[in-house]
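Multiple structures are listed underneath, in structure tokens.
Here chain A shows up in two complexes: once beside chain B, once beside chain C.
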Partner chain A sequence: MKKNIHIDDFTRPGGQVTELDPAELDPLPPPYDKIDKPSIRKLTEEQRKRMDASLDGIVAIGLTPPKTPEEEKAFIDKFLAGIKKLFSADDNWTFLQPLVHTLEYCVKCQICSDACPVYISSGRQDIYRPTMRPELFRRIVSKYIKKEHPFLRKIKDSDIDLNWQTLARLGELAYRCTLCRRCAQVCPLGCDNALISREIRKVFSQQMGIAPKELHEKGSVQQLRVGSSTGMTPAALKNILEFAEEEIEEKTGRKIKIPVDKKGADILLIHNAGEFLAWPENLEAFAIILDAAGVDWTLSTEIAGYDSVNYGVWYDDFQFARVVIRQSQAAKSLGVRKISFGECGHAHKAGIVVADRVLTGDLIIPRESSLPMLEEIVMSGRIKLDPGRNNFPVTLHDPCNMVRLMGIVEPQRRILRKICPQFREMTPHGVENYCCGGGSGFAITQSTNFPDWRSAVSGRMKMKQILEAFQDVPGAEVKKYVCAPCSNCKGQFRDMFEYYGVWEKSGILYGGLVELIVNAMADLKKPFIQWEWH
Partner chain B sequence: MPQLEIGGTTYEVDEDGFLQELDKWGRGFAQGYAAVEGIEGELTEDHWKLIDYIRDYYAQFGIAPMIRKMCKDTGFDLKRIYALFPSGPAKGACKLAGLSKPTGCV
Partner chain C sequence: MGTLIIVLTYIAYVLIVVVYTIKITAWLKMPPHIRWDLYPVIHEENYRYGGSYYEQPEWWTKPRPRNTWRSLFYSLKDNFYMGEYYKRNRTYWLCLLPWHLGFIFIITFHILCFFAAVAMFGGLDIAANAPHVAGRVFYTILLLTGGFAFVSGTFGSIGMPIIRLADRGLRTYSMPMNYFNYLFFLVVYGSGLLAWLLLDPTLDEYRAYWLGLITLTPPELHPMTVLHIILFDIFLIYLPFTRSTHYITRILAYFFIRWDDEPNLPGSELEKQIVGLLGRKVSWEGKHIPTGRSWAEAAMESGLPETKKDTP
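Take a look at the complex of A and B:
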């Protein structure tokens, strides 16, 4: 255990900067204080030869070491060329201003450290401080980009020895931050240290072609090639929609035709395609509600038009722009009035907020969250709802991108207060929420021991919050529901709940918001929520 | 790329043991892998029913079937699938059926 980390620890070849000790992680309430398995798997010797794990023993990207000094030099030069571009308005006009602001104004007061769930949950490991990555980054800029005088660097304590190992560790470290931006929220000077994580990821991807496979090769590249990061083709989508229509009829007795490629519809609804495969009840519930409320809507079968994900928002500006443009083109070709995003947080950020920096001319189509639309439907009385049907404990998870970033705080709450008599808030909640631990692509990063890390460390604070929200009914005999209106958060909860055995120990199910609305529909013969699919 | 030897044949797999060369799959792969996945003895008719179903769906649509559809079409409930493949439908059954690891937000 090594807690006081110095910059030299990152630049020293060989060894590991920090070894996580499960006993030192922030404690969870019983029975989760004792866990009967090693909390984080160790890499095998063979894996260690192929993949660098010299930061903390965890692998998100797992770089292969260079074989010759020439290779090492080429690697470093390439990285520095990428860093240089970050400071050019031509290359980085999107993020130059907040980047410079953060680098110049941070006084390392550490208020952000106390706000960071990864840092606190890890047992306050220095390497995870939100200021650690920016400090490494700042030193690299000082020495290699600004080329400050050695004497100046000495009095500013801003020196660094750049070698392959330093960069391998920095690249991994950029994937220990969930980009939840709680740090940015509390910073008295308006610095955004999470942005630095993303800018580092961006240099690795755009300049060096290095990114987690799940995000790039199997993610945005696959989405642009076949239509969805899940690999789902339009033909597969149609097969799945037929299945969903059958299920709707079985569950509700209603025959609903899910509208597809309907020209001139009022709304193009874009779901995260993960819903189609892993949580079809979510898209079914949307279809039931919109049908009952008489909304004129459609899905699209165009590339990216049926998958709202935009992983570029986590690591690559080019991939981001490509996907945003395809989604807007899908809407344009259908002639819809607006795009509505389903229950997916990062798609909200990408498609509604950041897209403003990319879209021009007739690709600027109104884009909004589906949550206010759902609120309007629920509050209008157009659907008859019986809260008695949701008479079980419910708490609400706030997806960072919808809530902290976009300020969509109340619509989902007004719905839950109306239809869930046992609704209770987590502490803290709303814009001060904690990330699920799966943000910025972590929930889909399924390789080697990274899933262990995100259940044990980055999701730990949320795990604690959920258990505390239900502390009056802790036992598995009382079935409870965490409402998480975001596919990514649901993926994290699924994996984390399995990791800790949450269903068996505490009887907690996770799911979306629309499922609770349909479950409350007064004229349905049977409950919509099926607890057996925990 | 890690490798895995089953019955004298070497297969390229990913870090979590999913087959990377999909065309190399054969029934011997599934049977040989069963022991690694905690399935004792010969694969039964029910194991093959699920494996064949997954492979047929994959051949037609290029992805693994939804778990709910898998249950409905084979008549096995989730409990039964876990009994057959202790690691579950995605990490167990699909792995033996030679599919890649699921991608995207699933």
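Take a look at the complex of A and C:
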């Protein structure tokens, strides 16, 4: 039974703030309306002792409880010192203005709640309201940073009793928001409650050194150390590219040499390194198209130069800046004219938009999305395309970072309208799209039962949208394609489709945009897209 | 009493202007932030579907047409329409809009009264049967503006607490101050409404009051009108200390955060500002951040354990 959640529930030591009941989740269409397994695994007793799961029984960061009161006090004091830094123009010039604006001017009107796919999909659980995190945060600021008078706190209802568990719950709660910023888009007052999630994550990372290990230790730290968040070294990259060249020849009969570290090339293309390991057909398709179109391009083997991911954009300003600087340095050392980002949404936003106010001097190298370039190639007729080869139902997923957060809406659609006769939109789409559910690092977060949560809750709205887009052809006998021009979103679809058995039940495959373009190339002897689940 | 309301009114107007100016200046003085734009960006050519200049290949070589007037109109019109509330919570909107229109119209009414008083001082007769058409038009506009403000504000102030209590989400996030505000604003609007309906149907006393203000001559007013004017002055003094600045800051947030898509081009003024910001010292204590170094130095380092410098 769902209960109203109040701030006191977060500050109460022990227990769990809320328990997710699968029966209360927003229903999916048949055959996905039957719950044939526990939708979210329970933690074991041992896990519960080791990690705090007192928010909702889910673990993304899993803080270890302090052993002594002194440890607890030190933790709280350090956290409060971090919050203070968020309001410093030296430490946090990067987001001071939007942060202050949201904290000061949000009137908690709840318009944003109805726009939030996590809140709706969860069956409207109070803890997932976009206003809940800011409310907790605002109260901490009121009492411990601004030190407002108790009477003022009373009439503003902004009191809070801080303990370690409150902060542990706040930290977890910051990782129940995908940063899709749909809430911010509908706010009539220009507030951005998703940003508060990011700022809370930032305090945990930049001040406390706490972040999900997939984002920090195995993510941005690994990327800065070996070159890629996947752990792939430049030597491994070269092996993978050789394999890709062989595959291209096998699939298309074409001998293509993928250019690497080519000095003076026109374009440095940076892929999400996940493509190299999980979806090599994406980088192969890019190579086939650029080769056929006669584009002068190269890949890099420099640190971060061959991996466009930038997890810092989700939790840490410094890790973010370090990656974009190294990507620009890689381009500079090759002497390319511009950087083009492959199919990765957050890399687009981080590398093209957010990086804009970190790079100065000769590190300002023109950066753009690969989608307009692909559109130009497709529309120019430089490669001969036969839409009949893509005569199956196709829908398009809009990666939030690429679409709502940077306004690249039409190039991918114009391509699909030209090469996919059965293209259909999801509802809503474009800048009003719903997140895949794997945004802000969720797709790579594998901690305990977190993957269950993101398939059952944060990805639920997208799952529903996809099924609705194909409702005229629901059976598995008609093969269908979700075009997701984003590596992160594909990771989420892979896990979520697996979780629900979507390939078996509905015959829906996911993949990138370039695969569809190559699949439509008239002079290829056999289809490029292989209708196999992977 | 006449002298009191003259003094109080001047204090109220000076205070509201000063506090609003301080608040807006403080908002604007915050340093430029990392780009965090959100689409649709209304000044963009393809704003209808949310497109940006990034949709073009080599966008930096292309013109970036920008329609600032459209953005301004878009952001101002929402003060009178509140479209997102209309779309997403119609019941709430039915009370919220009149409540807000009450604010806008009561302030507009008083500004118009000021101009009416100036016109009267210049010899214009303002009345339903004034000899000059300007006097009759002025009279009608004042009557409509004032009457609408009182009715709309009273209706909104009654409806808002009811909606807040009836809606689970709104109730959870309501604070005692919200209810105090609704009550106080109800008294302000309600007193005006009563004075208008029962004692001053032509709103003639407000013109006399404003004439008294500009000529520094204490006016003779009915006690009910005086009560409303005193309450309205207190309302003006109180307003800047509430979130009411959002009438202005929401527009600033649109222009300077949500729609701020200005690229940092080499040699630009923006680049110079960023260079300055990158020189600021940081004090974060995470192990991967070199405390005490500049922002740029911290970003240039890899932050890996072997390169971590001495930190306190």
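By definition in this document, the second predicted complex is superposed on the first by the 530 of 534 C-alpha atoms of A that agree within 3 Å, B and C clash if a C-alpha of one lies under 4 Å from a C-alpha of the other, contacts with A are read in each partner's own complex, and residues count from 1 in each chain.
Please note the rule applied: contacts are C-beta pairs under 8 Å (C-beta built on N, C-alpha and C of every residue); 3 or more make two chains touch, one makes a residue touch a chain.
Remember, predicted model here, so these are calculated numbers, not experimental data.
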| item | value |
| --- | --- |
| Contacts of A:243 with chain B and chain C, given as first, second, both or neither | first |
| Contacts of A:522 with chain B and chain C, given as first, second, both or neither | neither |
| Contacts of A:325 with chain B and chain C, given as first, second, both or neither | second |
| Touching partner for A:145 - first (chain B), second (chain C), both, neither | neither |
| Partner chain(s) touched by A:74 [first = chain B, second = chain C, both, neither] | neither |
| Touched partner set for A:156, first chain B, second chain C, both or neither | second |
| More chain A residues in contact - chain B or chain C | C |
| Touched partner set for A:379, first chain B, second chain C, both or neither | neither |
| Chain C - residues contacting chain A, complex | 27, 30-41, 44, 46, 49-60, 78, 82-85, 88-89, 92, 96, 167-170, 172-177, 180, 243, 245-246, 249-254, 256-258, 261, 263-266, 270-271, 274-275, 277-278, 280-289, 295, 298-304 |
| In the complex with chain A, residue positions of chain B that touch it | 2, 14-16, 61-64, 66-69, 72, 78, 101-106 |
| Touch list for chain A against partner chain B, complex | 46-47, 50, 214, 218-219, 222-223, 226, 228-233, 235-236, 239-240, 243, 247, 272-274, 276-278, 280, 307, 309, 344, 443-444, 446-448, 487-488, 491, 532-533 |
| Footprint of chain C on chain A - complex, ascending | 4-6, 78, 81-82, 85, 88-91, 93-98, 100-101, 104-105, 107-111, 113-115, 126, 129, 131, 135, 154-158, 181, 184-192, 195, 205-209, 221, 224-225, 316-319, 321-322, 325, 338, 352-354, 356-361, 364, 366, 368-369, 371-373, 375-376, 403-411, 430-431 |
